[in-house]
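The following blocks contain the structures, represented as structure tokens.
Each of the next two complexes has subunit A plus one other chain: subunit B in the first, subunit C in the second.
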Partner chain A sequence: MDQTINFKEVTHTYQPDTPFAQNALNQVSLTIASGSFTAIIGHTGSGKSTLVQHINALLKPTMGEIEVSGRTITPATTNKNLKQLRKHVGMVFQFPEKQLFEETVIKDVMFGPKNYGASDQEARADAKQAMALVGLDEDLQEKSPFDLSGGQMRRVAIAGVLAMKPEILILDEPTAGLDPRGHKEIMDLAEDLHEHQGMTIILVTHQMDDVVDYASDVIVMDQGKIVKHGRPQEIFADPQWVYQMHLDLPSSAEFASRLITAGVPLKSVPLTIDKLADAIVEVVQGGHGHE
Partner chain B sequence: MSNFLFGRYLPGNSWVHQMSPQSKLMLSFYFVVVIFFANNIWTYAALSVLILMVVLMSGVSIGYFLKGIRPLIWLIIFTVLLQILFSSGGHVYWHFGPFSVSDTSLINGGFIFIRFLLIIMISTVLTLTTTPLAIADGVQTVLRPLKKVHFPVDTLALMLSIALRFVPTLMDEMETILNAQRSRGVDFGSGSLRHRIQAAVPLLVPLFTGAINHAENLSTAMEARGFTDSEHRSKYRIYRWQRKDTISWAVFLLVGVLVLFIRKS
Partner chain C sequence: MKDIIQIKNISFNYPEQEKLFNNFSMNIQEGKWTAIIGQNGSGKSTLARLIDGLIVLKSGQIIVDGLTVNDTNIFEIRNKIGMVFQNPEDQFVGATVEDDVAFGLENRQVPREQMHQIVEQSLRQVGMWDFRDRIPANLSGGQKQRVAIAGIIALSPKIIILDEATSMLDPRGRQDILKLVNQIKRENNLTVISITHDIDEAAGADQVIVVNQGQVVEADQPDHIFGDIEKLTSIGLSAPFTSELLSALKKRGIDSHSQYLNDERLITWIKQLISKK
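This part shows the complex of A and B:
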């Protein structure tokens, strides 16, 4: 099924008609391609979370419209009949472990499918599958989610979203507060869902290394607008501009740009460790070649 | 929760903003007492003029106050209806069983409506122009005499300011949890009563868990920084009585005396 997401001139104002009124999105138009792995970056308060919450109609536009898999969300859209859309678009919030509430892990993971009308049996099957997907042991099923470690709780919460079998998955800073290993596991899970389950992944993140390691497309936001939309190489090609946006470079690019300032003649700004190594090798060997 | 106005502070630098919190607190209380002495059109008119003056001097637009009234409108309508249907006396226009509508009851209903409006206005002025922490501070100052009878005024004020401090935090968290559960297919605010109560569980359990976590973290943080209850604590901000307070009190006291004179005896 086509999972293309289309924003047309979307504006969102928080608390309109009050002294607190604030334009969080300003005439945003964009297309997120079906099957892409799109990262959304931008400094705090640039409108990233507001943007993604429009995709499953948790927020409705103040002006403009959004098309998600054949459904159109307009300012007039009511809260009724949004279930199908929300089943289709899975949403993992920041610190999703905060949403856990059931007595046992399995019940919590079954909660989503059951809300969407699955029978007990179906929900249980979906839940087991989702738990396996995120790498949770079967013997955790009957434990209380509140007895688990932080990393495990997060995976239970993500399983709770995956059990609904969404086709679009939104991850809002899914690795915040995790240790390096937990971080890598969650990101690898996202990659696996993208590669093998064909999900469209939308990742809101501050980790530029994740952007270059996993994303195929990058959206840069600033003050409620989209300032750049392209491949990671295009986004990070201009370090000055990246710093102006109050963002960081990926660590290999930063390393490389420091080498360049120090006078090492690298030909391009490499975004991954491997490319960085290649570029350095090239300079070193090139140097020898001339002698 | 964009419609939520209660306890919301609007930054500003008006006359009302500059008054000391303890004086505003007592003045609001005094005003509410005076309202209950009003019993005819002239007394209500005097109080309405006074409150309009206060609103104008607070620099907050009137539309903002009307918004604050909206969530309470059903309570007001219900009370006014009770008053109209059940009060007796005067010329009866319509009656059915225990219900009757007379000219007195209509007038009384109108008065009750104005009374509600006045009370809501004065308390809205107070919360819109005073930060929650300043209010807690004001409560502490006002209750200070109770220290003589070993009432734990400081502890109470601390509890109050912590509670007020966490209102926005918990509201934010509620919003996030609401959104997270909505994304998992919960339909809040529709369906049968039974369904709605069931829908509250996935909201309340995480909310309470979060609140208890906050409490634990906060108490650890306070202890780590050497907080003890018994010490005499100094303050970063000290709110002193000012000339603006004296003038405001003079005006309010005058209106209070006026009300006593022109009320129907």
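This part shows the complex of A and C:
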């Protein structure tokens, strides 16, 4: 199935026809390739969340159109036609554990498939599979989700989305508030879903180290527009530009640019610790430096 | 150096759960920035609530600025402590920013004239005076935390406890809030306790206390704690960036022979390596 995402001149206006009207998206055109791991970055209020909410039609465009896996969303699209699309595009919001509500973990994870018409038996099977995917122990099935740790609750919420077997998964700051171990577990899960389940992953994030470590493509947003779309190396090649966008550099690039400012003649701006270490070794052993 | 908080042999568990603290002791020095780190569920936030008397000890004793935490002293102790929580929305009560900051003062029956002065001064100190008529719910995460902090400094506490106060903010918002708290700590002569799993934040503290499964694993200066990457990882934490870089350089045959260097010292050391060539 063709599951490319295509935005054509999409504009989204909040509170249209009022004095508070505000364009959150401004004639955005973009293509997200099937099977990619795309990070969407941009400072607070740049339009990231508005953009991704168009992909499963939680928001509809004020102007323009969006194509997702062969289905078209226009300003005139009615909710009736969106059920299949929404099943196809899984959306994990910030702090998704706040949306847990059932008495037991398994019931909560089954809720999505049942909502889309699955029988009890089918829903249970899908839920079990989703729980296994996110690494939740079978013993937890009959527990109350509210007795679990924060990291586990978040995985229950993600399992609830995965139980609907989406082909596109949108993660809106999925690691906010987690400790380093929980953070790594969730990001490794996203990588696993991408590599082994073939899902298209769209990650909204402020964590530039995650962008470098996990994403193949990066979209940079500013004032409701896409200002850059490329591989991480291309996005972070110009530190000045990154700062202008009110964004941070990945830790290694940040440290490298401080070294360069301090007079250490690094030849490039490395994005990972290993590449940074290589670059430092090259300078130290290469006989550069003071005469 | 005076210990402003002494925790002596405390034990605590939530109903029907295993013991979180068992005969746990530690001290917090006055005027210092102490970071308490540990993974989710290690008991960090419970500790903050025990100090503030929000939950009650099973056994042991906590002394805050010379007063034992108990029913008699609780209000005096709470006047000494300001808490900033992870989600500021959980603690907003006022209809406007100004009302919200005034709330604590009204509770303490501060005269109106004086109250206006204190509210203005506090909001100016956190850079939010221009937002005084706004509705707190409509502010950004970082702005909300600033208002929460203004509400706290209005009551002139001696101790500020940050309970993962920056974990919901983006990296820039996080740095701004830490800078602000640092400035307020200096100007108002405060003790800061920061409960966090942001390792790079903890690396900037005067003292770091590592808590795991209700026990103090280590209490020391950041230098001594952050060199041991394996140990930090084994309790669910990560190492600061500079420790990771030192370790990567060591693998490539360049050994600093020190466990931990902060940013500045690491840059200085790398510059020295080059000039020796």
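The rule we apply is simple: the second predicted complex is superposed on the first by the 287 of 291 C-alpha atoms of A that agree within 3 Å, B and C clash if a C-alpha of one lies under 4 Å from a C-alpha of the other, contacts with A are read in each partner's own complex, and residues count from 1 in each chain.
Note that in this section a residue touches a chain if its C-beta (ideal position, glycine included) is under 8 Å from a C-beta of that chain, and two chains touch if they have at least 3 such contacts.
Being a predicted model, the structure only gives us computed values, none of them experimental.
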First, second, both or neither for A:248, with subunit B first and subunit C second: second
First (subunit B), second (subunit C), both or neither touched by A:150: second
Touching partner for A:196 - first (subunit B), second (subunit C), both, neither: neither
Which partner, subunit B or subunit C, touches more subunit A residues: C
Contacts of A:87 with subunit B and subunit C, given as first, second, both or neither: first
Subunit C-contacting residues of subunit A that also contact subunit B: none
Residues of subunit A touching subunit C in the complex: 43-45, 149-151, 176-182, 206-208, 246, 248, 251-252, 255, 258-259, 262-264, 273-274, 276-278, 280-281, 283-285, 287-290
Complex interface listing, subunit A residues touching subunit B: 14-15, 18-19, 53, 56, 58, 79-80, 83, 86-87, 89-91, 93-94, 96, 98-101, 111-112, 115-116, 146, 160-161, 164
Subunit C residues touching subunit A - in the complex, by the definition given at the top: 39-41, 86, 140-141, 164, 167-168, 170-173, 197, 199, 236-238, 241, 244-245, 248-249, 251-254, 263, 267, 270-271, 273-275, 277
Subunit B - residues contacting subunit A, complex: 2, 10, 64, 67, 173, 176-177, 179-187, 189-190, 201-202, 205-206, 209-210
